[in-house]
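Mind looking over this structure? Questions follow.
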Amino acid sequence: MTAALIPGSFDPFHNGHLAVTRTAAALFDRVIVGVGHNPAKPSGLFTPEERREMVEASVAGFENVQVAVFTGLVTTAATDLGVDCLVKGVRGASDLDAELVQANTNAVTGQARTVLIPAVGSAALVASRYLREIGTRGGDISGLVPEPVWSAMQRKTGALGQ
Amino acid sequence: MTAALIPGSFDPFHNGHLAVTRTAAALFDRVIVGVGHNPAKPSGLFTPEERREMVEASVAGFENVQVAVFTGLVTTAATDLGVDCLVKGVRGASDLDAELVQANTNAVTGQARTVLIPAVGSAALVASRYLREIGTRGGDISGLVPEPVWSAMQRKTGALGQ
Amino acid sequence: MTAALIPGSFDPFHNGHLAVTRTAAALFDRVIVGVGHNPAKPSGLFTPEERREMVEASVAGFENVQVAVFTGLVTTAATDLGVDCLVKGVRGASDLDAELVQANTNAVTGQARTVLIPAVGSAALVASRYLREIGTRGGDISGLVPEPVWSAMQRKTGALGQ
Amino acid sequence: MTAALIPGSFDPFHNGHLAVTRTAAALFDRVIVGVGHNPAKPSGLFTPEERREMVEASVAGFENVQVAVFTGLVTTAATDLGVDCLVKGVRGASDLDAELVQANTNAVTGQARTVLIPAVGSAALVASRYLREIGTRGGDISGLVPEPVWSAMQRKTGALGQ
Amino acid sequence: MTAALIPGSFDPFHNGHLAVTRTAAALFDRVIVGVGHNPAKPSGLFTPEERREMVEASVAGFENVQVAVFTGLVTTAATDLGVDCLVKGVRGASDLDAELVQANTNAVTGQARTVLIPAVGSAALVASRYLREIGTRGGDISGLVPEPVWSAMQRKTGALGQ
Amino acid sequence: MTAALIPGSFDPFHNGHLAVTRTAAALFDRVIVGVGHNPAKPSGLFTPEERREMVEASVAGFENVQVAVFTGLVTTAATDLGVDCLVKGVRGASDLDAELVQANTNAVTGQARTVLIPAVGSAALVASRYLREIGTRGGDISGLVPEPVWSAMQRKTGALGQ
């Protein structure tokens, strides 16, 4: 029984996240997509609860995948959730640099192992911050996010008066 | 007839931007340097209008280069301006990572093709954010920016009382 | 009238090369795919003539694209062919590092400008050396190369007794 | 039941490989360290059989880790061995670039998923080619390889008359 | 007599900074760790004075190392302090990209030479911003920072009511 | 008294090497440019002795710089020559990756510290392997190498009948 945590902000969850989740679901017994947020900071475009709902709707087809919201350190969440490893997607050198420092820090301060899933296919080269920019300005991101996220983005930007 | 858009903040325009413009002007029939800004955010060190003026003065020697100010998405601006491609400079791995994600996103959401101009020569390894830091603290950046930008920087920092 | 040279070994030509050619064909008036070879070295998996034929069959749909074989320096070929720029695909940090050094060297020793096309989509993250390994061992690379290359690979490996 | 293949030349196996094996052994039910070799090429510093022995002695403490020698494509070996994923270590941007191209190629040509283990700790920033250089010239690499490899290296270089 | 300046925010100083300082102290006659701060911005987790004290306590064992607080440009500080070079640690491609642009900018605008110390060993792959996140949330960072920093962090987070 | 070794093949020595030497000469009391070669391998375009002569002529203006030829390990040469550190130039992510692995390996197997000099200015983005290709095919590399190297290249290619 091996359990994995995919931590992130998921503001919003996109097809790259979905590809990482698909790989993790195929390799590990139990997978938790962990929506992290910091109560001391603004909640972002979507609230943590909205993000949780979007992720849940997007991963509904995977039997061994759950969604959780967490605050605080990823390593603390990993311990609390009883997982064996963190799973992160990696798109290029900048992502890798950040992951190497985090993985080394986690190795010294906690017990969380890290495994990286390389971004392959056009679905994987995508970033939440560009999706927020494009989506909130009325751009069509339906080819880059799961359907529930696209619906939520349309409701959100409608609510924002755009 | 091929038209290219060089999008950026240009806060300020520097010799690296000028080198990209020179290459684009030699290769494409029409080149537009697009000064992007987001009305919802602070305008930066220079206002969009000041930036437009600085770029215009800096590229005055190129017959086929125009300057425009745009808000909103780069891909929308590309469509509105009728250009065939986006042109961006690239200095290293971090730049490339960002461009790969943006080019892929644009390929899925719009029709804008991207071409990258590699930074060569000492003029090209420069970044606006360091120039703002140095310029506003009274440093001499005259070797890294076109003359009109250096003049504008001196007026700006004089106005700031430095 | 702007002309571009896409230099390479093309041993074999693949979908990433095809994507670069498609972008160049859309942006420049005349595009030459230049199959480079060094007579002093072994010819590779395919002979230069076989490679020229494969590329020609693969780019037959582009009206403004020609194919040429050249020996010697890329910059000399660029001058001889009368092109305005070199066009190269770029997949990640390693590619970029090599291109930055070559572009700078060319800028000092010759007049060839370089423009880079970022690899986007699953078709673009591919490399000839892996295709040779896979193809010569009987693997199916039909999803990564144009049809004429796949046919040539099957004939070649049949001829090699695999 | 999830099985993973760690493919490589392992000429020689080093502490970075051992760290990847340790992580894989903790996360997957069954792990195979696959010593690849190409009969058409020179066998390297150690023969495939010597390498298999060294790896076996180095991973003897892991109950769920086996060692196999394979020729041909990694993806064919993965299918033959019935594994669910390939596991590779990644030290920096150059490693990642190679892995992204290979993972994408494998995704198109076969079914092998790839997961990457980030190199952390001083044990992980090591490369077989430097170890061969140092070891064959009489340098002390005992801090960078498992004990059985260090013994084999001393026998090998003794046999080479160094 | 060669003097070197190690500039940084050091919010907080960590084992990677200490490793850079150790190398610099071994190679240069005089080393100054320069705690930079911008009076126009919030002071960070630790005040400049707290940071100066932490660094001083951490480098007390090096006879030729001093600590200074500076505001304004690094190159101005370098001139004022009479140093011959700037010394920076470098962990990966992202760090290097930033250093190449800064080194080139400094080469054009001032006289400060830059030398980079590669991060080796597990002590070096660490970043202040993760330490602040972990430390302020009660995580144990004692393995990644000098003892005086760990004490200060405990006092700080105690004072913050955590 | 601090001594530094700049190790390399220098086949040929170029302006990037010269820039590294200039920085090292300004910072260290004694600098040795070490021309490494492996007697078991072909000597390259220039013999080790030719390379030594070219480097000596190129660095004649630096009072504290000497040239030496060495075989075997760089770390052994460093010990034999009594230097305190190795000095290497670094142009981008690929260079850095190689240097991080070598520096870590050296830290574990020997006592050699490594410092890296970032490549700045157009003189620094150059590589010996492209210079050999261009120079031996009659290209003009005079803008990328010191004058004594350009003379030697002309004699060499004249001798080669080109």
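For clarity, chains are labelled A, B, C, D, E and F in written order, and residue numbers in each chain start from 1.
Here, contacts are C-beta pairs under 8 Å (C-beta built on N, C-alpha and C of every residue); 3 or more make two chains touch, one makes a residue touch a chain.
Everything numeric here is computed off the predicted structure, so don't read it as measured data.
Q: Which chains, if any, touch chain D and chain F both?
A: A chain counts here if it touches both chain D and chain F, which gives C, E.
Q: Applying the document's contact definition, name the chain pair with more C-beta pairs in contact, C-F or A-D.
A: Most C-beta pairs in contact, of the two: A-D.
Q: Using CA atom averages as chain centres, what separation in Å is found between chain E and chain F?
A: The computed centroid separation for chain E versus chain F comes out at 31 Å.
Q: I'd like to verify one number: the distance from the centre of chain B to the centre of chain D, where each centre is the average of its C-alpha atoms, in whole angstrom.
A: 46
Q: Which integer distance in Å separates the CA centroid of chain D from that of chain E?
A: 37
Q: So which stretches of chain E touch two or more other chains?
A: Residues 92-94, 96-97, 100, 104, 107, 120-122, 125.
Q: Mind listing each pair of touching chains for me?
A: A-B, A-C, A-D, A-E, B-C, B-E, B-F, C-D, C-F, D-E, D-F, E-F
Q: Would you pull the chain F residues touching chain C in the complex into a rising list?
A: Per the stated touch rule, the residues are 91-95, 122, 125-127, 130-131, 133-134, 137, 139-141, 143-144.
Q: Help me check something: in the complex, which residues belonging to chain C touch chain A?
A: 92-93, 120-122, 125
Q: Could you please specify the touching residues of chain A with respect to chain E in the complex?
A: 72-73, 75-76, 93-94, 96-98, 100-102, 104-105, 107-110
Q: Note which residues of chain C are touching chain B in the complex, please.
A: Of all residues in chain C, those touching chain B are 2, 23, 26-28, 84-85, 90, 92-93, 96-97, 99-100, 103-104, 107, 113-121.
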